[in-house]
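Two complexes come next, and they have one chain in common, chain A, joined by chain B in the first and chain C in the second.
Entry: the complex of A and B
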């Protein structure tokens, strides 16, 4: 039972992070390898907002998440805007470089020590008992809930709102979308903002659960296989992929070898790339023509 | 002037030659003399720096062949180096093997891993290929870490300096000669490879895979050879690194190392062996330059404990700036400067393809 709970919690962590990869890839065909770092930056921003709104955890988290949205939009406007239309790879490498830059900046601003934003907020993380003798921490429960809300929100956003439809159009055919008067730069900036917002939510909740340090980047990177296994351009896929990767990770750690923790997602990724590179729910990329 | 200002080649042999003009031969000879004289005058710090540069340049040239010429992206370069280094470490620890066994073994492991890293490239392209090499990097590192913990070397494996008949290779000067020779051999190998059928096939792959196939190039074979050859070189570089440092640990082969190699290729300039060397020099010297600059800052004590963070931030920033403003890299700057002096008062090269 505890195993099942662990799988669900880990899957929702991965799913919440993975939807950022999917949003950006789906709209602008850029793989954002700085997603882990952006998520970490937002989580560190929580430390700053926590000192402003101590005693109001929800306000502080909301403020930090909104700051994360601003950071995401700023990243697009300052850096990635210049990379649109460049070769895909140059854009990916730009995100890699951005990641390195952010890692350095985070240490310079907030120091390399492990921090506990939960303390700064004056919030205690209690363990909630579940039927079947399993336990789940309050932050983890909040994480599962947040994932559910975020995904429901994203589906509604992409289906029913004007900006969501614009985003889908830009992802399907940027040229035609631009012809119809959709401002691509605004749409792409929104995708970056939303991705950082959702990733930041995941980062903050992980930080509330188990403290905050540089290794959070690794979690961000481990969520990437979840996005790819499901298909890089499919939100449903990200959910399914997160479940597959999390289940594989938890079960293999429990039954085979705890050292495997950092490598299981990548093994799943390699297996998927061998069998079905476009993922479970993704669309097959077009062949290039002469 | 060591360079021709125009395209004066009149035969195919002339076009294929590595050294174009007599002045180029002369300047290369002068460079070699300076290289040979360097260890006689340099301090031990400078010598270590030069050795680091040679090690980096071997890996950078290999990655340049793969990414800059064959167009196959790899984010798993550090994994291959780790494989070479760990082959040496394991053979030395388990079998007390001498270096003339371990280095070929590392090359063999590199070649095998080259096939493994290369197989996904037969199906995947661009982004997906980069991701698969990234994943393989983590797998290789995992095996290294598992060996370390299982055998109780959790902090790393110590390796004694290699010895030839009770003569130990310890002195930095001797290392300088060894590494300079290795780097020189790699550069020569790369330059010659690029003049062969294989090298031309790689360039065709880079430009357009479908067209390359239509021209009769065996695309899968060309891709696999690119991976195998460059992985072998990289693994040997890793093995040399292990011997030079006398220490192997997974921490030395983090993702950051892969990114550093990619940065060498980008900062140096894609599609140029000279670029790989310039990039290797840039990335090797960069942390020392940053450290010196911090020394000039108004409050150096404040940053002293954060040198690595400043390094990270500055490195990321430089990489971003190169990608944004100088996609052709250092070699692009060098070419523009050279052409400006060579061609003045004219602006453009007469023939686009001439070097």
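Entry: the complex of A and C
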């Protein structure tokens, strides 16, 4: 039972991070390699909101997540908008540069030391008993719940709301969408904002569970194979990819060798690239275009 | 006239390939992980050392000359460390300092050997080359030392256990940590303990529970971890969240004192060689004052290691007559004794053959729920370094 819980928690972490990669890619065809850094910045923003709303964890998390959304929109408006019309590679390199900049900013503003937002919020991350003798921390349980709510919300947003339909249209055929009066820059900015918002939620909940420091950037990158395995333009794929990668990782740690944890996501990715290069739920056409 | 003279002097310095400051200061260069994934461990050490040097310079410097510390950020990456070392040697530094991951050592060692400039590990784990018989150019003041740490920790576990210890091990997937845990596992067997499981955990791990689950399933009554603090503490907390009730012993890195207070778990033992601030020694007041002046935003409890490195550096330069050369500094470092004023259990002594220390002193702390404070479980215990 504990193994199943571990798989669900890890899959939720990867899924919540991976949906940010997918949102930006399916809307603007840009691989955001600064996603881990943006996630980390939002998690650090929680430290700031924690000092403002000490004793009110939900308010502090909500405020930091909203700030994350604003940061994502700002990144698009200030930096990525300028890359419109440039080669995709140039935009990807811009995200790499952005990542380096953000890492420096984090050290300057919050220092390099290990931080504990839960402590700042006066919140205790208790262990919750589950059937079958399994245990899960409160933060991990919140993470699983948040992932479920975020994915349900995103599916509803993309399917039923005007801005969601615009976002899908911009992703499928930007030229036609623009000709129909959709403001592409607004749609792209929203995608960046939502991606940073969801990534930030993951970052904050990981930080509440086990602390916060600069290795969070690498955790952001570890979720990238999950997005690729599922198909980079599919939210369902991100969910499935996260589950496949997490299951492989947890089971190999437990039954084979813990050292494999680092390489498992990439082994799964290589296997997927050999069998079905466009991912479990990705579009073959998209791969050709890439 | 004066301006013309100054310009001429500056031009002469540049022509000689020496920076102008080289004339009036002891110039030392540090390559460290100020940013990057390992920064939490190394940045406070570097900043504390910088504060200490400012403190020394404020009191008139060494032998009437200031110390100039040039700091470069290698982010824990070997390629950057190599570039830093080349740049620093170009600046004619007297000593190269490393405060970073062990993966950055090789390129700095190569540059140090090429230039004949001593390499001083300050806050970075001491490589075996600093133990007797020491490499002529490598020196180390850092608290933790491979093998000696595990000898002490395993001895302590055996000493305090009422039944035969069943020991689980946790390391970070970096060579130095894995090697030490392998060594400790062998040592535990030799000492009659039962090793039950060993987890080698990759540095960027989003969830430690899968590793802790396997460790817990092996049913250890002790777990020993010798790794960067993040791996040690996250493994411990994951074990506790799974309901594991055993005892955990880990190395007391710079974060240990405040972390014991955060976690408040009497089953978490930390052993180390630096005195906690709860001792409130006169030298602790000095550290407080120096770091207050430098306006550092790290907890005071994390700054001892950098302060000690600064004390050692000051002593090495004090034994170097003016004008300084790397050879003179090397001679001074080969015959060094630094009074740590109670920050360690004894002095740091370097000889021609021993660039680590002649005796390594350990203490063990844990949290006491009744006193609501960290308490010493075992006071200074010395191991001879041979």
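Note that in this section the second predicted complex is superposed on the first by the 285 of 290 C-alpha atoms of A that agree within 3 Å, B and C clash if a C-alpha of one lies under 4 Å from a C-alpha of the other, contacts with A are read in each partner's own complex, and residues count from 1 in each chain.
Methods note: a contact is a pair of C-beta atoms (placed from the backbone, for glycine too) under 8 Å apart; a residue touches a chain by one contact, two chains touch by 3 or more.
Note that the structure is a prediction, hence the values are computed from the model and not measured.
With chain A as the common reference for superposition, the partners chain B and chain C occupy clashing space. Looking at the shared chain after the overlay, A:171 reaches neither chain B nor chain C. Contacts of A:31 after superposition: chain B is touched, whereas chain C is not reached. When both complexes are overlaid on chain A, the residue A:83 reaches chain B alone and has no touch with chain C. Within the superposed three-chain model, A:270 lies in touch with chain B and out of touch with chain C [touch as defined at top].
In the superposition on chain A, A:98 contacts chain B only, with no contact to chain C. When the shared chain is aligned, chain B and chain C each come close enough to touch A:259. In the superposition on chain A, A:225 makes contact with chain B only, while chain C stays out of contact range. Of the two partner chains placed around the shared chain by superposition, neither chain B nor chain C is touched by A:117. Once the two complexes are overlaid on the shared chain, A:206 sits against chain C while remaining clear of chain B.
When both complexes are aligned on chain A by C-alpha atoms, chain A residues 103-104, 107, 112, 221, 259, 262 touch chain B in the first and chain C in the second.
Considering their complex, residues 73, 75, 120, 123-124, 126-128, 130-132, 134-136, 138-139, 141-142, 145-146, 149, 208-211, 214, 255-256, 259, 262-263, 266, 306, 308-317, 319-320, 323-324, 327 of chain B touch chain A. The part of chain A that touches chain C in the complex is made up of residues 2-3, 6, 9-10, 13-14, 103-104, 107, 111-114, 116, 119, 125, 127, 135-137, 140, 206, 209-211, 213-219, 221-222, 249-250, 253-254, 258-259, 261-262. On chain A, the positions that touch chain B within their shared complex are 31, 79, 82-83, 86, 88-90, 92-94, 96-105, 107-108, 112, 221, 224-225, 228, 259-260, 262-263, 266-267, 269-270, 273-274, 277, 288-290.
Here chain C touches chain A in the complex through residues 34-37, 39-40, 42-44, 173, 199-211, 213-214, 229-230, 233-234, 237-238, 240-243, 255, 262, 297-299, 302, going by the rule given at the top.
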